[in-house]
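First the structure, in the form of structure tokens, and then the observations on it.
In this document, chain identifiers A, B, C and D correspond to the written order of the chains, with residue numbering beginning at 1 in each.
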Amino acid sequence: MLVKVFVTLKEGVLDPQGKAVQNSLHSLGFGAVQDVRVGKYLELHMDVSAAEDAEQQARRMCDKLLANPVIEDYRFEILEPAE
Amino acid sequence: MRWGVAVFPGSCDDDDVLHCLRNVLGQDVRTLWHKDPFPGGCDGVVLPGGFSYGDYLRAGAMARFSPVMQGIVDFAGSGGLVLGICNGFQILCESGLLPGALTRNASLRFVCRRVYLRVEDNRSPFTRLAEPGELLEMPVKHGEGRYYANPATLKQLDDNGQVLLRYADAAGEVSEEANPNGSADGIAGICNRARNVFGLMPHPEDATEAVLGGESGLKIFSSMVDEIRRGSGS
Amino acid sequence: MSGGTTKDGTAGGTPGNGAASTNLDAAPVTPEVVQAHGLTEDEYDEIRRLLGREPSLTELGVFSVMWSEHCSYKSSRRHLKHFPTQGARVIHGPGENAGVMDIGDGLAVVFKIESHNHPSFIEPYQGAATGVGGILRDVFTMGARPIASLNSLRFGDVRHPKTPYLVNGVVGGIGGYGNCIGVPTVGGDIYFDECYDANILVNAFTLGLVERDRIFTGKASGAGNPVVYVGSKTGRDGVHGATMASESFSEGSEQRRPTVQVGDPFTEKLLLEACLELMKTDAIVGIQDMGAAGLTSSAVEMAGRGGSGVELELSHVPLREQGMTPYEILLSESQERMLLVARPESVEQLQAIFQRWDLDAVVVGRVIDEPVFRVLSEGREVAAIPVAALTDAAPTYDRPAARPARQDEVQRLDEAALPQPENMNRVLEQLLESPNIASREWVYRQYDHYVRSNTVVAPGGDAAVVRIKGTSRGLALTVDCNGRFCYLDPHLGGMAAVAEAARNLACVGATPLGLTDCLNFGNPEKEEVMWQFSQAILGMREACLALDIPVVSGNVSFYNETEGVSIHPTPTVAMVGLLEDVERIARPWFKEEGDLVVLLGSNRGELGGSEYLKVVHDRVAGRPPAMDLTLERGVQRTCRAAVEAGLLSSAHDVSEGGLAVALAEACFGDPGIGAVIDVEPEGRPDVLLFGESQSRIVVSLKKQDYARLQELASTENTSCEVIGRVGGTRLVIGNMVRARVDHLKNLWSTALERCVK
Amino acid sequence: MLVKVFVTLKEGVLDPQGKAVQNSLHSLGFGAVQDVRVGKYLELHMDVSAAEDAEQQARRMCDKLLANPVIEDYRFEILEPAE
């Protein structure tokens, strides 16, 4: 089972990295870019067979470790092996 | 003889390099502001350490697009001497002037400590006054200094004598213990194939006076001074 | 004393749980709203009296932050008056953004320490990072280039499940911010005790260098002069934050997490460079960082100092978020912002400089003659408050203080009843592995301590030393406080904090210039906390007077408690010393085979409050070691004179872990070297080896120089006794300790990492 | 137009951060996690009307700045506004 986790800064929390990337993109001529937010992307390969199980564990892993609830939100997707 | 020290937003060790070149070595130095075109008339250029553009996204990623950097790339292409220290090394790799990339330290932590460096090759303008096998001592201080290149590139670097410095212990042995960041093959500094562009993670400019604990960083700068003097016949 | 920078999180005072939403300005001021702003009924009545009417909600918000403990020093002000603040070298004492002292050669140093305790507990990385950012701004706002930082940290028991997470976050944050700015972090301290389990301490110090005649102050003067906002845009950071710094922790306070600000060290670096560039011109008359209570306190404080008023137009303030109300804009604690008062003809020049550094610089108001803080939003007046009502008229309290009944109990220690450990080697090992004694290298390795190429003594010594380029001089820096001593006897503990800091400076050979303090205490509304507070200050005062050290700046952090239990009183002292010749210094480590080992001061066999008692007997008890300030002064002067005369191979003071630990540490140079020490216990060996009597320095020197050292000591009436010789690969102390140096050093150097990784 | 960019380390490039996360997850009791890779996730808000345009620009931004081809791969998705 593959779990894809997206961790992003909460709305309203300053994202200095996003701001810097945006400025750079502007000076490279990509003027259409209006806002950039930078977050984390994790791929977890899990040895579980039931999607609900993966889901439950993913939620707990995010709450406990992968995201910092003070300033970050998370979202995840579960991909079952193709077979 | 004229030196240029590039200053990007977020450069931190620019003053250190200026001090070393100007006050310790008595060189004629000017700063190169990132927004200005490269002025020319330089015999040597230094890209100093620091956190250009905050090191956001990837260390050194954004600096390569600055106007001054475009000129420095051309300067290097025409054989000019370019030294990149720490963030400067990262910028050189991002700009493609040096192969490979500098990635997050294996420890995932910033590391600041003194290290020994073994001179692997003195056939370069940056190490010509050193002996092969000689040990230099100077600080490292970085969070992203783990040199990475694919195996083919690493082999080429070795075959061409492009690895100028490796992390070593006090006895001169290259070991995992002595490697502060997990760099491939203990690599601390490499030059390009043409041998006029050199990047290293350690900070020679912070080891150029006895009162600061040692002068072995002078080897690098004095080698460059010597090279330039010979080249210009002055 | 005044408020105005990033301090302990928010200045305190905005509603706690979601009350601050977008439509605050229209909401009515009910008693609940007043209470949610941390104001008492009496304080509210006083506000009405001062205004001659009811305040609007926006005005209430302004009062609440300006009258918070944090900005107004309402509980501490009358006690702080006891500090000696005068001295020949003092240029600016308390009252400015940071203290300023003359160091000769036309130069001055600017330094200050600040707490960021509560934010760092809630979000350790960002809390610590923004703490560093705040103190940097306090220093460069005076025109000084920051050249060295320190930090003082207190965490809970290392075995507490949260401790490693907090330590990693805080250390990472300090490094992440400080390294990126290019200011070396050259020292600090870090201790662990369960009293800090749920209330850690993060105190950050920065020192800057400035030309004597280029010092800037935070003053708004000259009616009509434009008020200019520079730096990052304003967001809602901190606005929702409750009275974090002025309120104790309780269950649920972790839920206030969204209040924590995120630091942007890159922007701070640009701001630093732009401000210093601007300060080479004559474009500005005053400048002040925006920290706690942001725009409000910076504008009000500048007006207060200038004896003028300020009028702001909020629609000009650069905003990061949409739909922000005047209330939010005024109270936002977004980081990396400054407020300037410019000369009208210089605004263009000023803006050109900031543009060069890619920063916003916007005129947001002007200085007015009428001493009023007037705020407009698109021309509509949203606040108009006499400046004095926010500054001088802020309440002050003489809070009741009483020695707690349990103090006698706490000080009781029956040494005879303590079981005596059999194996002193083992005890020494245990102490060297204590996280309070083990090497701090794991921490300072994560800080750049070399940038700016001035670092002569890096972290690891008794005091850090940086040279001053262009002169032969150097500065020595240290930060100290033994919270356990302060808990057992706040008066003695306060004295000891000052004495120890000065002793650390003496060890490298420096003469103390002055100090800055960060007074971390519990809830001032409790009598015993006020007693601890007042006692500690009096103790510090005594030591300052005896050692001739003025207090030039500082910070108070109250409400450090959790679930009603206070931390140990922790009056952290950061001290700065001057070295006339930066090459004439001593380091802690034995150097030469055959050197004599000499003890300055004497072993008095005091176990109270020692790390040994805690580690081996799990007790925090007894009276802390006595302080004899005359002896202290003599020991320090002797050591300093000996360093200056070039007599010493090494000097290291005796502190946590006592004589045995000090000797072991002196063996841990690079490479290590042993020593054979010949001392005999009069009573119990543990008392001699591990007692923490004050006023002791272990030095080593060539045999032929001993007579001269004796001479120096006798001039100072100080005892000075040969206790052994340097040499070999072992540390041998009488027939009590015998261990290989490499073994001890290995335990000592790896222990902290093992605890917190 | 919202462009979501995923930057991941190339196969074969050591990912110490992924390793560290995996170890932490194991010690928190999530033994089923077999492998973790950590990458970057960027959200770019762009003022362009045609999806192809966004796509073209996104590719160029990734090639030039957002990913380092020596060590990283990238992938992106384009989300048209719901309307």
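By our rule, a residue touches a chain if its C-beta (ideal position, glycine included) is under 8 Å from a C-beta of that chain, and two chains touch if they have at least 3 such contacts.
A quick note: this is a predicted structure, and the numbers were derived from the prediction, not measured.
Chains that touch both chain B and chain C: A. Distance between chain centres (mean CA atoms), chain B to chain D: 30 Å. Chain centres here are Cα means. That of chain A falls 9 Å from that of chain D. For this pair, chain A with chain C, the centres built from the Cα atoms lie 37 Å apart.
Distance between chain centres (mean CA atoms), chain C to chain D: 41 Å.
Along chain D, residues 40, 65-66 each make contact with two or more other chains. For chain B, the set of residues that touch two or more other chains comprises 53-54, 56-57, 62, 65. Shared contact sites, meaning residues of chain C that touch two or more other chains, fall at 264, 266-267, 358. Of all possible chain pairs, the ones that touch are A-B, A-C, A-D, B-C, B-D.
Of all the residues in chain B, the ones that touch chain A in their complex are 53-54, 56-57, 62, 65.
Of all residues in chain D, those touching chain B in their complex are 12-14, 16-17, 20, 40, 65-66, 68, 70-71.
Residues 172, 175-176, 179-182, 264-267, 269-270, 356-358, 444-456, 467, 469, 582-583 of chain C are the ones that touch chain B when the two sit in their complex. Listed in rising order, the residues of chain B touching chain C in the complex are 9-13, 15-16, 19-20, 23, 35, 49-51, 53-56, 109-113, 139, 141, 143, 203, 205-206, 208-209, 211-213. By the touch rule above, chain A contacts chain B in their complex via residues 16-17, 20-21, 24, 27-28, 38.
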